[in-house]
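Dropping the structures in below, format is structure tokens.
Look for chain A in each of the two complexes below; its partner is chain B in the first and chain C in the second.
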Partner chain A sequence: MEQFAFYLFSVLTIGLFLVTVLSNNVLYAMTSLAAGMVIISGFFFILGADFLGVVQLIVYVGAVMALYSFGMMFFDATREIKEKNSNAYLVFFLGGMIALLLVVMFSAPIMGEGIVAMYPSPEGANNPQAVGLVLFTKYLVPFEVAAVMLLVAMIAGIILAGKKMDDSLTTKDENHEEEMTFSLKDVR
Partner chain B sequence: MDALIIETVVKAIVVLLVISALAGFGTYLERKVLAFMQRRLGPMHVGPFGLLQILADGIKLFTKEDIVPQHANRLIFMVAPAITAATAFIALAAIPLFPEFTIFGYTIRPIIADLNVGILFVLGAMASGLYGPLLAGMAQANKWGIIGSARTAILFLSYEVVTGLSILAPIMIVGSLSLIDFNNAQAGGVSDWMVWKQPVAFVLFLIAGFAETNRTPFDLLEHEAEVISGYATEYSGMRWGMFFIGEYANMITVAFLASLVFFGGFNPIGFIPGFLAIILKVSFFFFLMLWVRASWPHVRPDQLMWLCWKVLMPIAILNILITGIVLL
Partner chain C sequence: MIELSHYLVVSGILFSIGVVGVLRRKNLLMLFFATEIMLNAANIAFAAVSSYYGDLSGQMFAFFIIAVAASEVAVGLGLLIVLYKKQGTLDLDDLAVMKG
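For the complex of A and B:
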């Protein structure tokens, strides 16, 4: 049963991400990326890591993809996009890297036979507790560094976006509105 | 193992059928309640008290022509309603609907998948429900649809933070993510209910829940007066019906979540047995959504973002901070 689910999810994930990469249509790419993210959470559920699976759902499917799709609003989603591959060397290099990656992936089961968990989860702790224990003991420093990085990113985002935060677009008085239309015309 | 699979499948089918039927009945209730609040009669011609209106509507929905617009992206256009309906029912899978009961000597636990991270799973599944309206709006080559899906993204980016942060404070008190643990933590009667300890979190969760289910005052993605029907403009027949079923299933899910997390879940109150207690609570929250729809105008998108990010989120963080200090 688990094997069946694993192979089903693997095929679906690879197929969906291939669509993401190969499709010329923004809408197909976005949909298949989101669906692939959902199916990756399925792997976590198969492995018994319920917490990580749910976090995958909330963070990637929810937050990250919602931001992507908000960006997609500025494109015509029903039109095909012509891609330019101007740099042939880059394609060559990436192709070689993918081949190398495939070799590593297929040899991973052979090389990784003797792997044991360095920090086995304690008996009786359920999933979120096990994650919390590892996070706040072994990986405390990376965790804090990540937190500081996110804080820096957040402050930077506020500064970048907040330059004209105080004047709202909808409650502007007449004069300002005229100015805006003029400037828009100029741009066109 | 086989018994477990069969039991799960049966439960899933029962939940699917019952909730779909309730969604149909919900439309009748909504029209009737709204009508009485606005001094009208509502549906009254088909059957006694207009009860057969549901059946008439159902026949209409099933037999209506399924139109796909010419320039629409056919595949995505046809898949989008299924996403809404499916995620709504997937979210219901991790919710313990009733207390355990025994039928023919066989104990049934009315929860499809007893995850130990149930509450996060429900929120995550409902969050992925945003792709229904989003893709529907973008696939239909209609400007109202595009505006509808842009508003979906805005709505989602606004409420998601508030939902998560508001529910974090009760999670800290209970110390578990399982909805069954939430229920058991409030087993001591009305005085044990979480709402007395976390009134702020409850209000925040309720506001975010209204946004999550696209109910008035936050129904900005399909507000007729502004964007025709938003993401659902080009839909007809059963595909439109699937959006509708998904929305009502989401309402029921949020009502269950609110009563499980804040209002004692399916614990018996005095002489009222557990299963009746939770039905009463869920019905109350369902009625509350209709009540609010009849009473309040809806907000603009920028007002919603202002509300969520500048008012509700700071309150939620303060609430978590105070809860943490008290718990320490």
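For the complex of A and C:
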């Protein structure tokens, strides 16, 4: 049963992500990406990482995909994307080779012997409890740093996609400059 | 029982799909989608290694990757909206204004 689920999920994710990468329609790409995210959470449930699967569902399928759909309102989504590709086969070849190299590089230490668990999962605790125990003891500082990073991202998102989208962010506002000189004169 | 290498192979295939997407697409939104695919492939590998060695560090790193991906999307989509308002296109060939 587990094997059946694994192979079904892997075939489905590979197919859906291929649609995402190769499709010319933004809506098709986004929909298949969302479906692939849901199925990836299935991988996590097979692996016994229940909390990670739920977080994947909430954050990716819930938040990130909703953000993309909102962003899609600003772009012309129904139009087909026209791209000119100079040499597609070279791209596929290079992509495959780079990925193969990365897999070999990163799987080399794993195949070695004598790997012991640094933070083994606590006895008698189910997955969310164990995650909580490790996250709030060993990984507390990275957790706080991630919180600050999310705050920075939120402020940046609000400022970038805020109400004054007609004004340029890089060039100076002339009215504002006049105001500044006026206030300087005022002080003198 | 599925071996660890099966998960790593699936993760590598998904990562290579993402790499092909990054190399092939010319639309910035599609580049973001390909980046998400690559991050998810890394997440699968982390979760698989964490589960097979009984170590929770892999899952922790997967959480932090999800947090990084969420903030990346928030900032990146803001930048894309500003760029689209300014240039009217998201095509990388049209945006290449620094051609020598």
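Note that the second predicted complex is superposed on the first by the 118 of 188 C-alpha atoms of A that agree within 3 Å, B and C clash if a C-alpha of one lies under 4 Å from a C-alpha of the other, contacts with A are read in each partner's own complex, and residues count from 1 in each chain.
What we mean here is this: a contact is a pair of C-beta atoms (placed from the backbone, for glycine too) under 8 Å apart; a residue touches a chain by one contact, two chains touch by 3 or more.
These numbers were taken from a predicted model, which means no experiment stands behind them.
K.L.:
Looking at A:L140, would you say it contacts chain B, chain C, both, or neither? Reply first, second, both or neither.
P.N.:
The answer is neither, since A:L140 touches no partner chain.
K.L.:
Report for A:L8: first if it touches chain B alone, second if chain C alone, otherwise both or neither.
P.N.:
After superposition on chain A, A:L8 lies in contact with neither partner.
K.L.:
Counting only touches as set out at the top, which of chain B and chain C does A:L160 meet: first, second, both, neither?
P.N.:
Touch partner of A:L160: chain C, not chain B.
K.L.:
With both complexes superposed on chain A, which partner does A:L101 reach: first (chain B), second (chain C), both or neither?
P.N.:
Neither: A:L101 stays clear of chain B and chain C.
K.L.:
Mind telling me which of the two, chain B or chain C, contacts the most residues of chain A?
P.N.:
Of the two chains, more chain A residues are contacted by C.
K.L.:
State whether A:T31 touches chain B only (first), chain C only (second), both chains, or neither.
P.N.:
After superposing on A, A:T31 lies in contact with chain B but is clear of chain C.
K.L.:
After superposition on the shared chain, which partner residues are touched by A:F17: those of chain B (first), chain C (second), both, or neither?
P.N.:
Touch partner of A:F17: chain C, not chain B.
K.L.:
Which holds for A:A63: it touches chain B only (first), chain C only (second), both, or neither?
P.N.:
both
K.L.:
What is the shared patch of chain A, the residues that chain B and chain C both contact?
P.N.:
30, 51, 55, 63, 67, 168-169
K.L.:
Could you please specify the touching residues of chain C with respect to chain A in the complex?
P.N.:
1-2, 4-10, 12-21, 23-27, 29-30, 32-34, 36-37, 40, 43-45, 47-51, 53-57, 59-60, 62-64, 66-75, 77-82, 84-86, 90-91, 93
K.L.:
Spell out the residues on chain B that touch chain A in their complex, using ranges where they run on.
P.N.:
For this pair, the touching residues of chain B are 1, 71-73, 75-76, 79, 115-117, 120-121, 123-125, 127-128, 130-131, 134-135, 138-139, 141, 146, 149-150, 153-154, 156-157, 160, 164, 177, 300, 302.
K.L.:
Touching chain B in the complex: which residues of chain A?
P.N.:
1, 25, 27-28, 30-31, 34, 38, 41, 50-51, 54-55, 57-58, 61-63, 65-67, 69-70, 72-73, 77-78, 126-128, 168-170
K.L.:
Using the touch definition from the top, list the residues of chain A that touch chain C in their complex.
P.N.:
Within the complex, chain A contacts chain C at residues 2-3, 6, 10, 13-14, 17-18, 20-21, 26, 29-30, 33, 36-37, 40, 43-44, 47-49, 51-52, 55-56, 59-60, 63-64, 67-68, 71, 74-75, 81, 83-85, 88, 91-92, 94-96, 98-100, 102-103, 106-107, 110, 115, 117-121, 130-131, 134-135, 138-139, 142, 146, 149-150, 152-154, 156-157, 159-161, 165-166, 168-169.
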